[in-house]
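By letter and in written order, the chains are A, B and C; residue numbering begins at 1 in each of them.
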Amino acid sequence: MMKTVRDLFRYNLEFALGAILILIVFGFAAASFFSPYPPMDSYVVAPDVPPSWAYPFGTNSRGQDVFWQLTLAIRNSLLFGLSVALMSRILSLLIGLVAGYAGGITDRILMTINDTFVVIPLFPILVLFFFMMRDNMSWPMLAVAMASLGWPYDARLIRSVALSLRTREFTAMSVFSGMSTRQILVEEHLPYVLPIVFSTTLNNMNWSIGLEVTLSVIGFTNIETPTIGTMIYWANQHTAMVAGVWWWILFPVVLVIMTFLGLYLLSVSMNEYIDPRSRLTRMGGQA
Amino acid sequence: MRTYALYLVRRFAQFILVVFIGINIAYLITHLTPVDPVEQAISSVTMFGQSSPEMVEVMRKTLRELYGLEGSAWEQYVSFWRRMATGDFGPSLSAFPTPVSTLIWQALPWTLGLLVSSTLIAWIVGNFLGGLAGYYRKNSLLKALGILAMSLQPIPYYIVAFILLVVFGFLWPVLPISGGAEMNIDRQGFAFAASIVKHSILPALSLVLVGLGAWFIGMRSLVSNIVTEDYVTYAELGGVDRRRILFSYVMRNALSPQLTGLALSLGAIFNGAIITEFVFGYPGMGTLLVRAVNAGDYSLVLGITSVSIIAVASAILVIDIIYPLLDPRVARS
Amino acid sequence: MNARPRANGAADVMLDVKNLRAYYVMQYFGTQREVRAVDDISLQVGRNEIYGLAGESSSGKTTFIKTIAAAIRPPLTVIGGSIRYSFLDRDIYKLDRVALSAIRWRYLSYIPQGSMNVLNPVRRVRESFIDFALPHMGLPKQQFFAAIIAHLERLQLTPGVLDAYPHELSGGMRQRIAIALATVCRPDFIIADEPTTALDVVVQKSVLELIREAQREIGSSMIFVTHDMAVHANISDRLGIMYAGRLVEEAPTAEIFRSPKHPYTQHLIASLPRIGDLSAKRALTGAPPSLAEPPSGCRFHPRCPLAMDICRETHPELVSIDPRHRVACHAVSPAVGPDRVFAAAAKQRTGLVQ
């Protein structure tokens, strides 16, 4: 395991870059625990101070320190992405494994529903959801709503892996040796599916953080929870660009781009590592 | 021919299913959430000044009728679908008494124009360059493009649009950053058309930039797999012209999965268009949706959501219908 | 023009391969690997001859023909040796891309394994003929199609197939089309890569006859690769046996079947089913060796019933035991003289054979 990570670092540029970006971002999020001010209080520092040694990212028009606010915002955004990803993993694993393993009519029905969910435009639906919830809209609720809509793409991927596993010899062996379907799925197939689950988790985090940013900047979430999106929202509310308070916008945007790039690069290098073709050639077989 | 008909029937059934499930989700959201849109509208009206209890009662009744929230759950469900089928979403509250459908009809062409042109540009250019990059793996210009595509692809539409807005609105203000066309201009003729194009450059550019990256990367990896296919090796052995191999053998065979990809990602592209419109104040469905939410206009929000679902499903159906022209194998299997 | 005029039949050797080595050189996560798929092979193919190449899968025979067809792509790399065709004035790897595509199909053509994917799935057969043959035939379109249709009819194909897509045709039909495609320009040399393997037995027979007929009619030479010894018995004039990237025996087909010398060849022949033969077939023990880490000495020794000490240490040279029969085996070639064995050993010590 450690050797794999070391090899990836040394020979896979995407992995190294992605890992460095994500480490920086996570380090930032961890710093939030050492914030000298209560994060949501306003006017704790002088407003609109440009970046300096005292305030490395400046202060905003609400009298908050951009650096320390950003640490909390990125922590919340990451937590949000992680919870959506974990919740939707349960759905996509369940549906993907059952469809791939059961095959036949079950598979056809599940995949038809799956393909339907893939193409439905989610953004208007989430906006409608916000419209109905209004002030009752909370951060966990949005996470649940997005998780229940964000599973289908990965369910299809997992299904295709399960489908290929089903036809392998050891599945037949397990069936003959009297293992239950649940046992086969959990003990035999999960280890094969897990790497793919891991890379789809990264992609799903990208998707959910991106969607959260998008909803927040319009103000269609709970704008009192500091996330990258709500930070940009408040900056826009105070017309930060026009007022020349560019640091209020620049730093959140740069940090969130680092997050997206990092997660994406990690998942790309992960896929390359998982891909049976390159794995085979790596092990010395003739592809 | 019979198999083609059968294929069409199957695709049409999928279309119906997408619309059915999508609209049902919309129904569930509007009816299962604890907030009553009628009470919400009333409270926003009564907040400013006194209203007699009788007036409020009349208003409540009118709104219930207007929103189709009268009667039993089943009756409400049926009336919900009747509204969908007839395209009658009632009058808009924020632009009373203009019907919701009129507002949507005014916004739809802008969204469609922006969406279709930018999607086509992104798809064609992205696939072409990605195909070249997959075939000529050692070309350093294409490699650089690949890195650019990889760094653009994971960025959400909003961020890209926002950066363009900042760059062309504040740092180098050469392009209009708001609206669909200039206001005080004759709505016909060349000047108007030119103004439309000019206003669409930034929103279209942000949609193209994000889309381009995704198509580029998808096509590049498809092509690098296809070049190892037997028919490509065979064509190379046959001394078939290299350009012919690249276009008619390699890229041509990668097109059908990329067309499927286009159909599958139309929903996401639509999401991107909505948010981009909002950023640039483009007079399409996205701006309308945000305005409707902020004005508390229930009928309009519901109408836009429903039309979006139907529009995306229809676009996918169109792709499905032309798909067999690109891949002769489809009509058979 | 790099192609020699056809009339110049100075030698009767159409293809002369000398000491050819082609390895897969791979680099993954910093470690380099070599797979020696073709290791020091020399052979000649004469005019009008069908040279059969046999061996189990992963014996390197497909790599060999890819290499002589100059159709290699990294990681496969030519490490050494030469490939001379009589119609070329230089080694085939000395040609640039343009010259190479100019000689393809006109002089050197290829019949692929009849898999589903040999013809472009989204192009009609007609377009494939245009892509492959039109640039090499130099005829106006109308005459070109007249020639194509005449050729198809000679191979018992109706002109209607031209308008079909590959998926609309059966495996046998596709294979006939591939043969028609490979022979329509009347090439000097044809490389056939397991052209009958994917077909069922009945179709196999007619396809074999077709290939034989086409070859006779245009008078070209051919290398015919298959692992199926029965097919070789039917079609090949001369036969080379490959094992683990090396040529281990070569002789006229009848001779090989009558008196195989190499233990591996003997095994191949013995495992053929024969009418009236009721004896049990004996399987070879062990698996074919990994070409990434081939065994020392003779690559067959771990599975060889006759293995001696020298087999583990020194690899046997391919030597002629009579003018048309060559074999590489210590147990057989001592008849030629033990000093040759020592010479080979000395050669190895000086590092010529790594």
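Keep this in mind: a contact is a pair of C-beta atoms (placed from the backbone, for glycine too) under 8 Å apart; a residue touches a chain by one contact, two chains touch by 3 or more.
In this text, all values refer to a predicted model and were calculated from it rather than measured experimentally.
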item	value
Top-ranked pair of chains - ranking by C-beta pairs in contact	A-B
Identity of the chain that, by mean CA position, is farthest from chain A	C
Inter-centroid spacing, chain B versus chain A (mean Cα positions, whole Å)	23
For chain A paired with chain C, centre-to-centre distance based on mean C-alpha positions, whole Å	53
Distance from chain C to chain B - Cα centre to Cα centre, in angstrom	55
Chain C, residues touching no fewer than two other chains	none
Residues of chain A whose C-beta touches two or more other chains	none
Footprint of chain A on chain B - complex, ascending	14, 17-18, 21-22, 25-26, 29-30, 33-35, 37, 40, 150-151, 153-159, 162-163, 166, 169-170, 263-264, 266-268, 270-271, 274-275, 278, 289-290, 293, 298, 301-302, 304-305, 308-309, 312-313, 316
Of all residues in chain C, those that touch chain B in their complex	69, 71, 97, 100-105, 109-110, 112-113, 115, 117-123, 127, 131-132, 135-136, 165, 167-168, 181
Touching residues on chain A, where the partner in the complex is chain B	112-113, 115-125, 127-134, 136, 206, 210-211, 213-214, 217-218, 220, 232, 241-242, 249, 253, 256-257, 260-261, 263-265, 268
Complex interface listing, chain B residues touching chain C	229-231, 233-242, 244, 248-249, 252-253, 256, 326-329, 332
